[in-house]
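Both of the next two complexes hold subunit A, though its partner changes from subunit B to subunit C.
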Partner chain A sequence: MAVRLGLWAAGLGLVAAVAALPAEAQTPKRGGILTYVIPADAPPSFDAHRETTYATIHAAAPYYSVLIRVPPDNPASTTEFVCDLCTEMPTPTDSGKTYTFKIREGVKFHDGSKLTAQDVATSWNYIVFPPKGVTSARVSYYEMVDKVEAPDDTTVVFRLKRATTAFLPALADPYTWIYKKEILEKDPHWYEKNVMGSGPFKMVAYEVGQSIKGERNKDYYHEGQPYLDGIIGIFADKQSVRVDALRADRAAIEFRGLPPSARDQLVKEGGKDIVVQDSDWNCGNILTPNHKKKPFDDVRVRRALALAIDQWKGAPALAKIANVRTVGGIVFPGSPLAATKAELEQMAGFWPDIEKSRAEAKRLLKEAGAEGLKFELLNRNVDQPYKFVGTWVIGEWKKIGLNVEQKVVPTGPWFSNMRAGTFDVAMEANCQSVVNPVLDTGKYLPYKVYPENYGGYDDPKSVELYDKMQTETDPKKQREDMRAYEKHTMDTMVHEIVLLYWYRIVLARSYVKGWKISPSHYLNQDLANIWLDKSP
Partner chain B sequence: MTVIAPNSAETLADEMLLRKRGPLRATLDFCRRKPLGTLGLAIMLIMFAAGIFADWIAPFDPEDNDFNAMMQAPDWLHVLGTDQFGRDIFSRLVFGARTAMLVGFGAAGVGGVIGLVLGVASAYFGGWFDLVFQRVLDVLMAFPLIILALAVVSVFGTGVFNVIVAITIPLVPRCGRVVRASALAVREVPYVDAARALGFGHTRIVLRHMVPNVVAPFLILLSAFVGQAILAEASLSYLGLGVQEPVPAWGLMLQGSAEDYATTAPWIAIFPGLAIVLTVLGASLFGDALRDAIDPKLRDR
Partner chain C sequence: MHRYIVTRLLLAVPTLAGAAALVFILMRLIPGDVCVIRMGAGGAHVDQSMVDLCHQQLGLDKPMILQFLNFLWSYVTFDFGTSMWSGNPVTHEIALRLPVSLEVAIMATVIAIVIAIPLGTISALKENTWLDHVVRVTAIAGIATPSFWLGIMSLILVLNISAMTSGKPWMPPIDYVPLWQDPIRNLSMVLLPAITVGYRYSAVTMRLTRSAMLEVMREDYIRTARAKGLLEQIIVNRHALKNALLPVVTLIGIEFAFLIGGLVITEQVFNLNGIGRLLVQAVQNQDNVLAQALVMLVVAVFVVTNLVIDVLYAWLDPRIRFS
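Entry: the complex of A and B
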């Protein structure tokens, strides 16, 4: 069985590799319309500055430009950033506190007007310092920014309060679309319902809940791009509809990610007509014990919960049925700041000897007077991978005598239960876009510092360790500081139990070329480099 | 005006005949005359026994994940195969029978008894109480069973107990309405008047003199409710609003599996589907046969 699965996995890898090779070797062909499916019924609005969902990105990113981004030809890189509207990546001055960007000349908005540094600076000022009545979802990402200025029409200057390695990755956030200054100043809510940018495609039609259509922007500034004549995004929130669309070639690609069962089915049926791209996902499930509820206020109980879970054995098994695969700590496993396997094995929940680990868990429970503890695991009513992972950990806890019931609720009550603290242990996730460990790990700070932490704990030591790490600019020292913060969070205090990182599986018809997968479904979605290897 | 209900008189005669024949003989007669009903009864009894003796019948712990045996086809070790977590499907079906019977008999029993008492009381008291009570039933019956159960689950949350409550509530008016119709006839018979004249309290008249005389339609309803409740539980679990993983439940076993593993591991969906179909069919066949046996109008057809 294991051999058969191994061969199957190897086969899939080969398919992916073979599919990737010709894209680099072949010359892109111009023309054609790309039809893709968007796993949502509709975006809540078209204003990326205020939204946090991929539904907005997948629907409208092709119509906008950004200042910098992850490289479209290597979006899996966690350290490389390239210009989109700027002409070259700047070297910071003023001891790392000032970044000066030169903006491309000759860029036009889709209404024909000229895009200048004023538009870039205004857009960024609305993102970093939103005026009253304007919502910006990512203000906290840019707390290091002091000022954004445009001294002339081709220059944008970012002045920081302090030097930090978190700035450039934050600047490459895919939601930071550049809007027209004149429109923003006249009506800052205009972009919620309208689409008008300077990206590779111009929007031509939008039917709510049905589709969004775009045509090639002939004035696009990246030479030769886009290759496609047009794009059609079809909204389909049901997975079966998306899989059927790919199977019948009514859609060519789905960018968010499908589960392994869909991959196996489509690859089996479609053969060489279906290609698979997969990647670790900058998104992972975490278990949050409610520190305000007994006995989860006792670190021995929290530690026992972590020690019971066999992550090393669970990861490869769950990868066959759910969108998860990689074992990791608080930092995305592909990042230079991530813990190595040897470092992880020193922490609770990652010991290589699971029997020893579970024996220690039982001892701790006994010591804490919590043997045979019965409690509820609050989970989100989303199959992939929340409920799969939830069922797995309940099985692991049973092995140390815990009796856990899963309470699955829709997204709204799931959030409200966590925010109100009405839960025992919650299954949640830490999902980010650009891999930016310094900001991504803010999730593990106490709720007084990071309001989206639901553990209900206060821990000045944790804040102290985080601050030391985030202000450190030497990569080696910063890595050491990250380890100290991680060990404190996951081992010493066990504030959170970090589970498996998600795994992104993107399926496409084999004629879709040029697009490469990234560790986030928010990234690399302007579709400018996609081309179709078939006759129009 | 006093109307003597012929059905009540005949039902009494049946009961007397039953007592005269003895339960064993009556059961044997039922089996001989109603083979399909007997098959239904047998299915229900098998499922009931499976639920009660699940700890002894199931070869594996139904909640134990075994990553070395994920999605294995049926073989000698796992006679019905394993699911995506490597759990033995036969063991989950056997324990799932416990959940189904618990919910099925629990919801049908509680809903039926409440409906019985309220229905008889409504007929007995009549007047404003009957009028208001019937309008409340009208409102509740305006919703299909599964829709009302969905609404109740969304208020109370998921879990076995809440599912029983969710299915019980829609069953109460269905039982109450039918039982009231029978009780209206019983209300007018002389012994109820006699009980009143002797100064018996309302509770005694309703519970001791009226309720026993509407037991026949009640039992028929109850057998139908068991099937409906099992189906409703499976539907709620399938929609993710019933019993939650890793508790074994048939509808939950179907959830996602039919779509995700229909071609690669079809046994994951086939066997729980079969269990639901068989049990509901069994309850339905038994209910029909019981109605035929008890209802004097249908008995000789």
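Entry: the complex of A and C
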């Protein structure tokens, strides 16, 4: 089976090829324990409302339910959402400002108590409107929400300030676990150290930095699921350990994603025992010039930086060694709101004729008095793909006479430099979970509106274009508005240079069935639909 | 002797205080912020109001001097605080990892002693023979080979050999089980890292044992012992080796202390959840409270090890008296 996820893969025309997914035609088997590796040391806490790391998701998502989610049997879809705790996806009323969800009856928490709409509404209220002293990492995602109410035990109503296409994808965020109202109200920090949800598995043991173990939840509300008797997640930070563990069958799958070299090695060594699923990733590197530093305050210089990079030629070459593959704009390439190849080719940095592009870059540098410019590229000390992409970009810049040094620092100083504005050009990443173009592209707004934009620019026009796009509910018009915002960001002002989208490669033992890859390592991680095609 | 030990322990207090001040300052010199890393490292949006709340909850909004005084006071009262990253008590975080590091360190030390002292002695006694050359080459190779590289190579070797012989690649378990729960599983996980670390450790010790023995064997009292007609075995074991062991014991002690917190990469290669890995995580996450506690733990281990070494000196060489 091959899945077409994106549009412009490395000049090949298609992106994702699922190498081996023979599960569809088979009937799931019950039983067995799935051992998987989690590429982290340990989650900082189990409270998904406050955390942002995949370590929390990979460790504890199987123990929780959510209101809605991406479809587990088609998680690659960027537009489809299905119920988990609700009974059917609602049609919005009140001109798209009210969403009424009916909650399943008979759902039980792992302590045996009944889950009602009150638990759902309270959990959501803690996410959207955290009480004093409570951390919620996603308050800004739900800025459009006015109220969350539970008029009775089976109904939850979301009232929005305005109709927006960003709401449903935001609602399907994988971190929005449903907690028990009674516990939350008694101690809002309880879930940081404890696990008690209503998901397909019940946690039975946790050893910090070692493993987390769960057993089948017999009362799970999705009929027949989960198929497994239990799960064991082993924390293994080092990539070589995870690869060796897959080879020696100490672990059956790693859900985050491994680089192409690991794929090639494992496929060569494991043969038919190893299967590969791959997909475009809703994460991408971006270059942020510091507008507060000369000469990066000059749009000609920023434009030259973009024009020098041959993304079309670089993509297939880099894809051989790094977790990147697809050329795209500010919107994830698999989304209906994403730019087509023809649209991309109109913008700086995506011209089809690279010689013409570089000649223009040199002309602009000369005009701006920045020929032979020397500067530093601030990069994060993460191999895949930051350092690979950084090294490639420097090589591209050298072709127009720029002399760039890569300053690679650990995550702490990397953030610190960007937040303090002490850099020339920074290599960043925009990494999201559910594909939600309206919210995902907020990253490119000026820092006064979006404080985590480290470019240091102010641009009312950019805000105006974004607002127009985000309030538009007609898909066709919204797409046009998105193009205008994208062109302004990447071409007219070149506030940011969007580089290649990451590529997710998930390796598993061939007996692991039922799980399908999504464009994010945060999605589809409750493991309810996984089954093992082997004797116990 | 008792008085000496008490004096040494009292002298450890300023050492620990100095180390505490140093680590406190150094951790704060690293640019970065635990709250920002926690909220934004995945590439997600970081809400400033949540960062501020996090600072407030961790006490990072207080003046630096107040933070330092709180830190000192917490150590005086033996309250080492809670990890800024996980929220767990630091003692809990350390208690989880210490047995793993201790087990590897002890096993590596035993392996090193068992290999190094006999081979170093033989090498000295058979100076410039083929046996001496073999031991010296082995020792130099051990010193030159980083133990993490050896670890990676040994894992690959185990995987490939098992794949070739049985058709199924095998590697040690990657989740730790305590020795008393499942000795076979525990040893199959810990033995390989202990050997790879122990080999380098033994190589250094072997070299030192050899040179110390060579020196001692040329001493007048050894010549006197021979002149008295003592058996060579008695001369070596009772007179030479005991004296030659003084610097070797120092080295073994220091290496052991180093192993408690220094097996960073080896622990990663074998997925051992030990102190070295925890220290690296703490520094990467800018978890100052945990990093400070871990450094203090390593300092304390060094202080205690040095004390034990000094006491051993008296046993090995009765001429040494503590006053």
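Going forward, the second predicted complex is superposed on the first by the 515 of 536 C-alpha atoms of A that agree within 3 Å, B and C clash if a C-alpha of one lies under 4 Å from a C-alpha of the other, contacts with A are read in each partner's own complex, and residues count from 1 in each chain.
Rule of thumb we're sticking to: contacts are C-beta pairs under 8 Å (C-beta built on N, C-alpha and C of every residue); 3 or more make two chains touch, one makes a residue touch a chain.
In this text the structure is predicted, and so the values were computed from the model without any measurement.
A.B. asks: Superpose on subunit A as described above, then tell me if subunit B and subunit C fit or clash.
C.D. replies: fit
A.B. asks: Touching A:D249 in the superposition: subunit B (first), subunit C (second), both, neither?
C.D. replies: Only subunit C is touched by A:D249; subunit B is not.
A.B. asks: For A:V157, using the defined touch cut-off, is the partner it touches subunit B, subunit C, both, or neither? Pick first, second, both or neither.
C.D. replies: In the superposition, A:V157 contacts neither subunit B nor subunit C.
A.B. asks: Which partner does A:V408 reach: the first (subunit B), the second (subunit C), both, or neither?
C.D. replies: A:V408 sits against subunit B, while subunit C stays out of touch.
A.B. asks: For the overlay on chain A, what angle lies at subunit A between subunit B and subunit C, C-alpha centres, nearest 10°?
C.D. replies: 40
A.B. asks: Once the shared chain is lined up, is A:Q265 touching subunit B (first), subunit C (second), both, or neither of them?
C.D. replies: Only subunit B is touched by A:Q265; subunit C is not.
A.B. asks: If you count the residues of subunit A that each partner touches, which comes out higher, subunit B or subunit C?
C.D. replies: Counted on subunit A, the partner with more touching residues turns out to be C.
A.B. asks: When the two structures are overlaid on chain A, which partner does A:S240 contact: first (subunit B), second (subunit C), both, or neither?
C.D. replies: A:S240: touches subunit B and subunit C.
A.B. asks: Just to be sure I read the superposition right, which of the two partners does A:E452 touch: subunit B = first, subunit C = second, or both, or neither?
C.D. replies: After superposition on chain A, A:E452 lies in contact with subunit C alone.
A.B. asks: For A:A368 in the superposed arrangement: first (subunit B), second (subunit C), both or neither?
C.D. replies: neither
A.B. asks: Once the shared chain is lined up, is A:Y54 touching subunit B (first), subunit C (second), both, or neither of them?
C.D. replies: second
A.B. asks: Quick check on the superposed pair: does A:V82 touch subunit B, subunit C, both, or neither? Answer first, second, both or neither.
C.D. replies: neither
A.B. asks: Once superposed, minimum distance in angstrom between C-alpha atoms of subunit B and those of subunit C?
C.D. replies: Value for subunit B versus subunit C, nearest C-alpha atoms: 7 Å.
A.B. asks: Does any part of subunit A touch subunit B in one structure and subunit C in the other, and if so which residues?
C.D. replies: 240
A.B. asks: Tell me, which parts of subunit A touch subunit B in their complex?
C.D. replies: Going by the criterion above, the answer is residues 1, 239-240, 259, 261-262, 264-265, 268, 313-314, 317, 320-321, 381, 383, 387, 390-392, 394-395, 398, 405-409.
A.B. asks: Which residues of subunit A touch subunit C in their complex?
C.D. replies: 37, 41-42, 44-45, 51-54, 133, 135-141, 192-193, 207-211, 232, 234-238, 240-241, 244-245, 247-251, 269, 283, 410-417, 419-420, 429-432, 442-443, 450-452
A.B. asks: Touching subunit A in the complex: which residues of subunit B?
C.D. replies: Those residues of subunit B that touch subunit A are 63-65, 67, 70, 72, 84-86, 157-159, 240, 244-247, 256, 259-261, 263-264.
A.B. asks: Provide the residue numbers of subunit C that touch subunit A in the complex, in ascending order.
C.D. replies: 30-34, 36-50, 53-54, 57, 85-88, 93, 96-97, 152, 155, 159, 162-163, 168-171, 173-176, 268-271, 273, 277-278, 281, 284-286
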